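Worksheet: one structure, shown below.
For reference, chains read A, B, C and D in written order, and residue numbers begin at 1 within each chain.
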Amino acid sequence: MTAQYLSFGALALVTLWSAYKVVTARLITHAALWMALSFTSVSGIFLMLQQEFIAALQVLIYAGAITTMIIFAIMLSSIREIRVEPQEKRSIGQRIRASGLLAVVVGLVFAAFMTYVYYVSEIPKEAVPDAGLLTVRQVGATLFTRFTVPFEVASILLLLAMIGAIILTAKETE
Amino acid sequence: MEPLDIRPDLEALKAAYPAVEIAEAATGHFDIRVSLDQYLDVVKFLKDRGFNYPACITAIDWKDRLELVLQLYKLVVGSRQSPLVMVRVDGLPREGAEVPSVTPLYPGLNWHERETYDMYGIRFQGHPDLRRILLPDNWQGGHPLLKDFEDKRPRRPRLVRHRDMIVSG
Amino acid sequence: MEQTRELLINMGPQHPSTHGVLRVLVKLDGETITWAEPDIGYLHRCFEKLSESKTYTQVIPYTDRTDYLSAITNEHAFCLAVEKLMGIEVPERAEYIRVMMAELQRICSHLLGLGAMALDLGAVTGFLYAWRDREKIYSLFERITGGRMLYNYLRIGGVRNDLPEGIIGTPKDGRDKADKTIWGFINYFESYVLPEWDDLLTNNRIFQWRTQGVAPLPSEVAIAYGASGPVLRASGVKWDLRKNVPYSIYDRFEFDIPVGKENGDCFDRWVVRVEEMRQSARIVKQALQWLAENPGDYIAPKLPRVLKPPKGEVYIRYEGSRGEVGVHLVSDGSANPYKVKWRSPCFTHLQLLPVLAPGHKLADMIAIIGSIDIVLGEVDR
Amino acid sequence: MSLADLWAQHWFRAFVTGSLVLVFALGNFYITLWLERKESAWIQNRLGPMRAGPQGLLQVLADLFKLLQKEDIVPRNVDRILFLIAPFIAHIPALLIFLVVPFGPNMVVADYDIGIIMIAAVTSYAVIATFIAGWGSNNKYSLLGAMRGAAQMISYEVTLVMSVIGVVMMAGSLKLSDIVLAQAERGVLGWYLFPQFIGFIVYLIASLAELNRAPFDLMEAESELVAGYHTEYSGFRFAIFLLVEYVHMIAWSAIAATLFLGGWVGPTPADIPVIGPKLFGWMTGPVWDNVWGFFWFLFKTYLLIFILIWIRWTFPRVRIDQLMDLGWKFLLPVSLFNIFLTGVMKYGWNVLAESGSPLRWIFWLWR
């Protein structure tokens, strides 16, 4: 059990630390890469819960696709080179604002709230018997029977988003 | 394929610009000597008469003056022995010569004019981008194809193998 | 909508596919070129200034080094200029040897040009095939001239030495004699190499994707920009100085002028070069027949040791491997040329780059440079 | 504690199998690199490496030592940390793929139920590694190469997964060992190569693009972008990128062999009619099954590697817009059509299999 706690602790720390760095990283590209690390460690937590499918999806969609998309968005904006700027002296007030202290405070409050919710909630702490057996087949079957309409609606929404993106980015041709 | 005859064109040129001297050289081309102020008009006239191919433009340093030489000919598909004409502007000063550019007429002469500027120092008025081309942009040593050009750069030590010792000099 | 910022890229002078030390400044919008500007002069060796201090014969080896991939044609152009100035008759046998060498050199040069273009497009194998066949020509040239790349073989009035014995071979020589006899090479070249190029690249779908429709050059633009040689012919202008302004003895040979379509693209330039190699092989065959039928040893007239051409001027237009080589020679009656101007086709063609490149992708830039087949030695002289 | 007890321990198994995968990957990297040199030389009428060892077998070793000795140059103005870690991140996907590949009967490190999805997932790190290398180098060529690479790999990952879905539909499982077993039951003609021929071709093309190999090696196109995203790398960091490229190639070939060519399934000498059982009867049993399985797996993998190398040295490179057109406008629709076709054919067989109608033989291949 200790090994599990240790690895969970490590993963959680990495997740939180990288999430913090996403907010405070000076370069936006670094922020994107920290985000990828954060997603990856979240998928590690899923793996610890023996949910390989969800872990794989987490990596595939978030660490892979979303991060790359964000990177593309960054590259399409004007940041192209690494800028090494000299550190300028700032007053304490500026430093507090710049260091993201507020973000930390808000994060801590949020974490406390979530912990409270976790403890008072009625969710059974024992593992749900079928949770470990959530297979791809079940997911697929549920998706295409019980949730057909939401699934299709989501698909159409994504399709619309794709078409919109193409229209926005396509250059006007004479 | 019939040999291409450009004599009518040259006669028309003579008629339009009587000051132009036309002579056939022993080596087969035609020399058209024009004055500087008629140069552009003559080239325009020739282009209108079908001299569509810009072969080259260069200059000759005659030690007391510069001469600009523009080589053109008619590129007519199916023709034969299209003679070359050399439009020559003699008597340009060796320093600070200024000549109207023919690049707007023959875009292919763009770099050749730049090279002529680079090598002889002839400035082409109306050239879109008159910069040095073969020599570096910051070259200060003059125009190398002038006959009195001297390389003013410091001599680099030259390593000469001399039996068993190396002499620099 | 707001446009993204353009990216300025400096291609070269150290870049794998600029064929030497060419520097091209390119502005990119994404991957599309919006502006291109070649910057040359990195290989300038003062050929023209240097020639003014040499005798006429001494200039010949320097002409080799202008377009170092097509040395014989340069020597030929220069010798023609001096001969015209002095009115020297060249022995017939020497003329045939010159033409044969020049056409072999043209094959050799086109092979490298095509191979380098293939390499730029990512087909490494095509490049190495080109080198393999060039090597055979070089072996032949080494036996004839003693040099492999820079020959100093032509002399004013003739050639330095006759062909060595047995190098002509017989029309039956096959592939096994490709690097031993000229007939062997030509037979090997026609029956094996040219079909191989067609199979490997010309008819390759990906190759056609990459070249067809890339950088079309309308024929009027080509003429206005002074394009010549394969680049001009690829734009549909049937103009070959060997036919239209015949020099040497080219009017005695039968060959065709391959042309591309009206708006010649990179693919047309490629096809025209492949076809030109075929025509050059035809000329070589005719020259070989003549040489085999007319043995002799009169290959150069007796000339004074120091040539002093009369005062005068000459401009020679010569169909080099890459286009019109112009030699403008001014003589003041002394032993040294008063002025030598080398009108190089590559120099003129490189001006086309800013015209052709914009609107195409960065990868097309490489195809364009490859298709106009520049040699920086000649651009910078 | 006996070996069996030790084997029951998770950490020990992970350690041993992980090491074996590493040894497999590196050993095959060595052979593949040598094979590429020899094969390219053969295609180009050359000899290839001949001096170091017999047939140049030691040439790869010599080159690796050469790269190892070289100075590890970190240029000024690079994003130092990213520049340094990029080669290591590039390693992750290449090696992780081998976790789910069945090398033989019961020879698989982690037999996940979601094998194929896991492969698709870990491949995303290759994109990130490429981007990190290209961006961290602070070089315009590198950045262009990295952006090309990211766009290309993201696009072709979709196609790649789509081309595999046909196989998944036929086998009814995402688990690679199940897919192999399903093919084993169906015999040689039942290998998914035949019913999924469209899928196989699409997979082959898409994996070339995913691997960044010619004719799709746009992100390191040496004649355009110098060396693309690893222009600035030298010494052993460069060697690692090289290694990753080849390990990736082996991995994708291994997956293709597993999915389409029946993986480790193959005849053994004991299967030869008449004389087989007599002469090679001793070659049966669990150990020999593993040996032969591994042999066939390697054989098929190398067959595919051979084809990949052959393609590389034959074709010119495509252009980036042509690559995208090919991926999105041709390969993706074709692979979607393949999914549709597979569904229809499977349904047809299900309906007609019992009926005895002669029409059912049309659907037989998709049974």
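Everything below uses one rule, namely that a residue touches a chain if its C-beta (ideal position, glycine included) is under 8 Å from a C-beta of that chain, and two chains touch if they have at least 3 such contacts.
Just so it is clear, the model here is predicted, and its values are computed rather than measured.
Chemist: Comparing A-D against B-C, which pair counts more contacting C-beta pairs?
Modeler: Pair with the higher count of C-beta contacts: B-C.
Chemist: In terms of CA centroid distance, which chain is the most far removed from chain D?
Modeler: Centre of mass proxy via C-alpha means gives B as farthest from chain D.
Chemist: Could you grab the centroid distance between chain B and chain C? Build each centroid from C-alpha atoms only and quote it in angstrom.
Modeler: Once rounded, the distance between the two centres reads 24 Å.
Chemist: Hey, how far is the Cα centre of chain A from the one of chain B, in Å?
Modeler: Result: the chain centres lie 68 Å from each other.
Chemist: Centre to centre, by mean C-alpha position, how many angstrom separate chain A and chain D?
Modeler: 29
Chemist: On a C-alpha centroid basis, what's the spacing between chain A and chain C, in Å?
Modeler: Inter-chain centre distance comes to 60 Å.
Chemist: Could you say which residues in chain C touch two or more other chains, in rising order?
Modeler: Residues 7 of chain C touch two or more partner chains.
Chemist: Quick check on the complex: what are the chain B residues that touch chain C?
Modeler: Its residues touching chain C are 1, 25-29, 52-56, 58, 60-61, 69, 71, 73, 75, 77-82, 84, 86, 106-112, 115, 119, 132-136, 144-145, 149.
Chemist: Using the touch definition up top, name the residues of chain C that touch chain B in the complex.
Modeler: Contacts found on chain C: 40-41, 44, 46, 48-49, 84-85, 223-227, 237-239, 243-246, 312-315, 317, 324, 326, 328, 330, 338-339, 341, 343, 347-348, 350-351, 380-381.
Chemist: Give the list of chain C residues in touch with chain D in this complex.
Modeler: Counting only chain C, the residues touching chain D are 7, 9, 15-17, 28, 31, 118-126, 128-129, 132, 200-201, 204, 206-207, 209-210, 361-366.
Chemist: Considering the complex alone, what residue numbers of chain D touch chain A?
Modeler: Answer in residue numbers: 77-79, 82, 112-114, 117-118, 120-125, 127-128, 131-132, 135, 138, 143, 147, 150-151, 154, 157, 174.
Chemist: For the complex, which residues does chain A have touching chain D?
Modeler: Residue positions touching the partner: 27, 29-30, 33, 36, 52-53, 55-57, 59-60, 63-65, 67-68, 71-72, 75, 80-82, 84, 135-136.
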